[in-house]
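Note that chain A is present in both complexes that follow, paired respectively with chain B and with chain C.
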Partner chain A sequence: MQFTPDDLTAIRLSLTLAALVTALLLLIGTPIAWWLATTRSRLRNVISAVVALPIVLPPSVLGFYLLIGMGPEGPVGKLTEALGIGTLPFTFGGLVVASVIYSLPFVVQPIQNAMEALGRRPLEVAATLRAGPWDRFLNVVLPQSRPGLLTAAVLGFAHTIGEFGVVLMIGGNIPGETRVVSVQIYDHVEALSYGNAHALSLAMLVFSFLVLLLMYTLHPRAVFSAGVHPR
Partner chain B sequence: MSTIRASFNLDFADFTLDAELELPCQGVSVLFGPSGSGKTTLLRCIAGLERPANGELHFNGDTWQAGKTFLPAHKRPVGYVFQEASLFSHLSARGNLDFAVKRAPARDKPIAFEQAVELLGIGHLLERRPEQLSGGERQRVAIARALLIQPRLLLMDEPLAALDQRRKQEILPYLERLKRELELPIIYVSHSADEVARLADYLVGLEAGRVVAAGPLAETLSRLDSPLHLGEDAGVVLEGLVLAREGKWNLVRVHFNGGELWVRDNGYRIGSQLRVRILARDISLAGQRHTDTSILNILPATVDSIASDEDTGQALVRLRVGNSLLVSRVTRRSAHALGLREGQPIWAQVKSVAVI
Partner chain C sequence: MKWRSACLLALLLAFPAARAAADQVSVAVASNFTAPLQAIVALYAERSDDSIRVSSASSGKLFAQIQHGAPFDVFLSADSEKPDALIASGEALAESRFTYALGRLALWSSQAPPGAQQRLESGDFRHLAIANPRLAPYGRAAKEALEHMGQLDAAEGKLVTGENIAQTWQFVATGNAELGFVALSQVIDGGEVPPDAWVVPREFHAPIRQDAVLLASAADKPAARALLEFLRSPEAAAIIRAFGYDVES
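Entry: the complex of A and B
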């Protein structure tokens, strides 16, 4: 059991993709989670449902619409072409966009849960200590939601590493560009090189286990500790 | 005199606040009433944590709310102490204090860090995290934090309510020091007659979202038609000055505005100020001055007014002693037997005087 040079390329690609996507997810997911946790807007349920869609949709359906949408005839495709980026399907960029959408619920939900658990009180306390809205968000909400943010980062990373269907639909199978580990395993199996498939599969298995172990170890020393807690 | 003028109108599903009041911009004003009377909501309106559609709030000439003007909570120069410990759990005690220090107005800092720490006696707790502090200690850190934001008005929402009796007794002296040593107006929400007696200078009674009584403490407590429903706690509070010590009997003589009282000597300094509380049930009345009695404090008084107590068999009698007012509760039968009427001279026999 040994990794081929192609395997190593795939591993590197998977890790790069997951790291980039996790960073983007935290940037995008945190404000969405905050909005969902605090808004009284009637749009809340609609947005919640949209964010959660990737959990229930088959990856092929999601991948199909992304392919259409980002293709030369799709609205996103037209936009990216007009901007001179070209179309996104079958590129690393396309994979990043698709992964962000695909893993969004796994990041938004833990953050949202942590923020909802905070309740109004810490924010009111901060307001009476002259902290404005931004100050409250950065210096009270974020640090107090840390367990949720950590969980979100781990889940987002792991989920991106583990995706397969969407990649296949949108990215095809271009070595060094879109051929990530899960696709590489698929290729090995197609080519009946079970030994190679096994090496990579075992690596994924061990990796996934370690990630989850890490999460359960790090995981929330209680969100409600002695200080601030909701009424 | 500078004042805080407020009027709020706020509708919740199950509760309406409709309050109008004017408070002095000095000393401790207590908002007093049973739970559900709207005292916390009123305090939150003053802090800017609630936004009543109809409301007006002027602090010492500054407008915090009027018509469309609404200063959000983080722009009001108030400190707020919440009912339960409200320390940020991600910061140490010192971190919590620094949170306030960093956000206090840059120029005007009358309360130094060391002073706040010393005043609340929390010097040895600074490096601890909130979960390593007792309830009382957390509340002291929270009070110090509220002071370090350099407020011009301190709002306290039943800061002792979540604590047991012993912890309350542990914190009350700190609150009294705060009151003595800082020239900071305090609005204090409470449903405890004890806290009112110890801390209040000005008393506002609330019931079902309305102000039912408001005035200086002595005046409000001596009202016979008092809507405060103090029951067994009915009584007055007098400010006194320790005149002399009678070492032999372990007593001190305390002068108040209208006479003198013997009080048990707990080591008070001569010349120091104290507050004594005399409950209505502890004053009995006599037509003549008795000398063959164990009662130490017998004061010449005149009957100011008489009213029936809530308990129908009883009468409340307001007495004038010099410039002070006392309230006595006697049975209506006794009132009849003594032929009590307004203006009548009478002896007030004070069975017990509590220094608070």
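Entry: the complex of A and C
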């Protein structure tokens, strides 16, 4: 079992991408989850459905729309060009944007479930102790939702590492920029280099298993209580 | 019981294949040749009762499927290496093998003028799409053509690769890449080369040989041999040419 220099570049790229995406998702996903857990707005179901879309949509559909939407003729592409950043497909930045969308439900749902499980009682108690909304959120909600946040981080990270279809559609397979591990494995398989494919695939398998094992060890009921089925 | 036999009869009537004497031939075809094959099969249907079932995917996937016992009779690859490998491992018959089409490469731009060739030479593009040279014969040919034109070094940092020639086409069609080396067969329109494409001269790259073989499991299947024979006929050659390929004379 041996990695080629290209394999190592791909591994480094996947880890960087997943770390960055996880950090962004926790920042974006936590307020969305809080809103979904507490709102009585009629829009709640609509937003829930939009957030959950990547779970049901084939990655090819998502990748196809992203390719068109972020391309020079698409709305996002026109915006990014007007801002002077050029178009996003074939760039690392493009992968970050795509992965944030793709992994969003895997981060939002566990956090949302943890927050819903919290109930109104602790917040009311905190309010009687004169804790303001921010105080309550930072010092009651977040610490109490820790299992959910941890599950969200692990799932977001693992799901981004395992991302394939979307990257294949918009990445352009550029070494060190968009050629992540899953694409590298696919290349090896298609080129019939089964030895190289085995090495990387086995590494992925072991990594995924360890990540999940770690999560179940820390929080035995984390995934089931979060109600998300990782795939 | 009566009801059951009525159902059975209805089923038999609904599936003509179950009662017809004609044979079925399963063809595994490389994605890039699916459209011409369908045109050829349509013509073939006028003179034969055999039913032809076409499955298309990348040659690499079909190759792996054949190695693992996929029930195909004929394999139309996008290259010559995979038929070679199948012959070497005894999964295809050496005597059946021939080059059914020679791929032509086209440089294509979906943008306003200047044309594709001038754009490449002036360096006026951000991305040049090619098929993955490691996987796709058209990608390898694209790289050879760039080298031949002395543009490989200049293009190196701007290359984006599609996993196959269909994705490469998509990158150019959506405007994400201003330029791309695609298969002529993808951009040819009713036998005419469109103005935004430039047909790369044959001598710029090694020939893209697309080879056909009969698989060993179909050695005793005359219907499969008959189809391969038709693929070499002048009528089939005319269709193949109209779709933007060369045919060996």
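In this text, the second predicted complex is superposed on the first by the 219 of 231 C-alpha atoms of A that agree within 3 Å, B and C clash if a C-alpha of one lies under 4 Å from a C-alpha of the other, contacts with A are read in each partner's own complex, and residues count from 1 in each chain.
The rule is simple: a residue touches a chain if its C-beta (ideal position, glycine included) is under 8 Å from a C-beta of that chain, and two chains touch if they have at least 3 such contacts.
On a predicted model such as this, the values are computed, not experimentally measured, just so you know.
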Practice item. May I ask you to decide whether A:W34 touches chain B, chain C, both, or neither, giving the answer as first, second, both or neither? Key: neither
Check your understanding: In the superposed arrangement, does A:P72 touch chain B (first), chain C (second), both or neither?
Key -> second
Review point. Touching A:E190 in the superposition: chain B (first), chain C (second), both, neither?
Key: second
Review point. Regarding the shared-chain residue A:Y102, is it in contact with chain B (first), chain C (second), both, or neither?
Key: neither
Review point. So, A:V125: does it touch chain B (first), chain C (second), both, or neither?
Key: first
**Study point:** First (chain B), second (chain C), both or neither touched by A:P143
**Key:** first
Study note, to complete from the structure: Counting only contacts in the complex, chain A reaches chain C at residues 67-68, 70-73, 86-87, 89-90, 168-169, 172-174, 186-187, 189-192
Point to revise | Residue ranges of chain A in contact with chain B within the complex | key: 121-122, 124-132, 135-136, 139-140, 143-144, 146, 225-229
Review point. Taking the complex as given, what residues does chain C use to touch chain A?
Key: 58, 60-61, 63-64, 126-127, 129, 132, 134-135, 159-163, 167, 170-171, 174-177
Study note, to complete from the structure: Listed in rising order, the residues of chain B that touch chain A in the complex are 47-49, 72-75, 78-80, 82, 85-90, 99-100, 103-104, 129-133, 138, 145-146, 149, 155
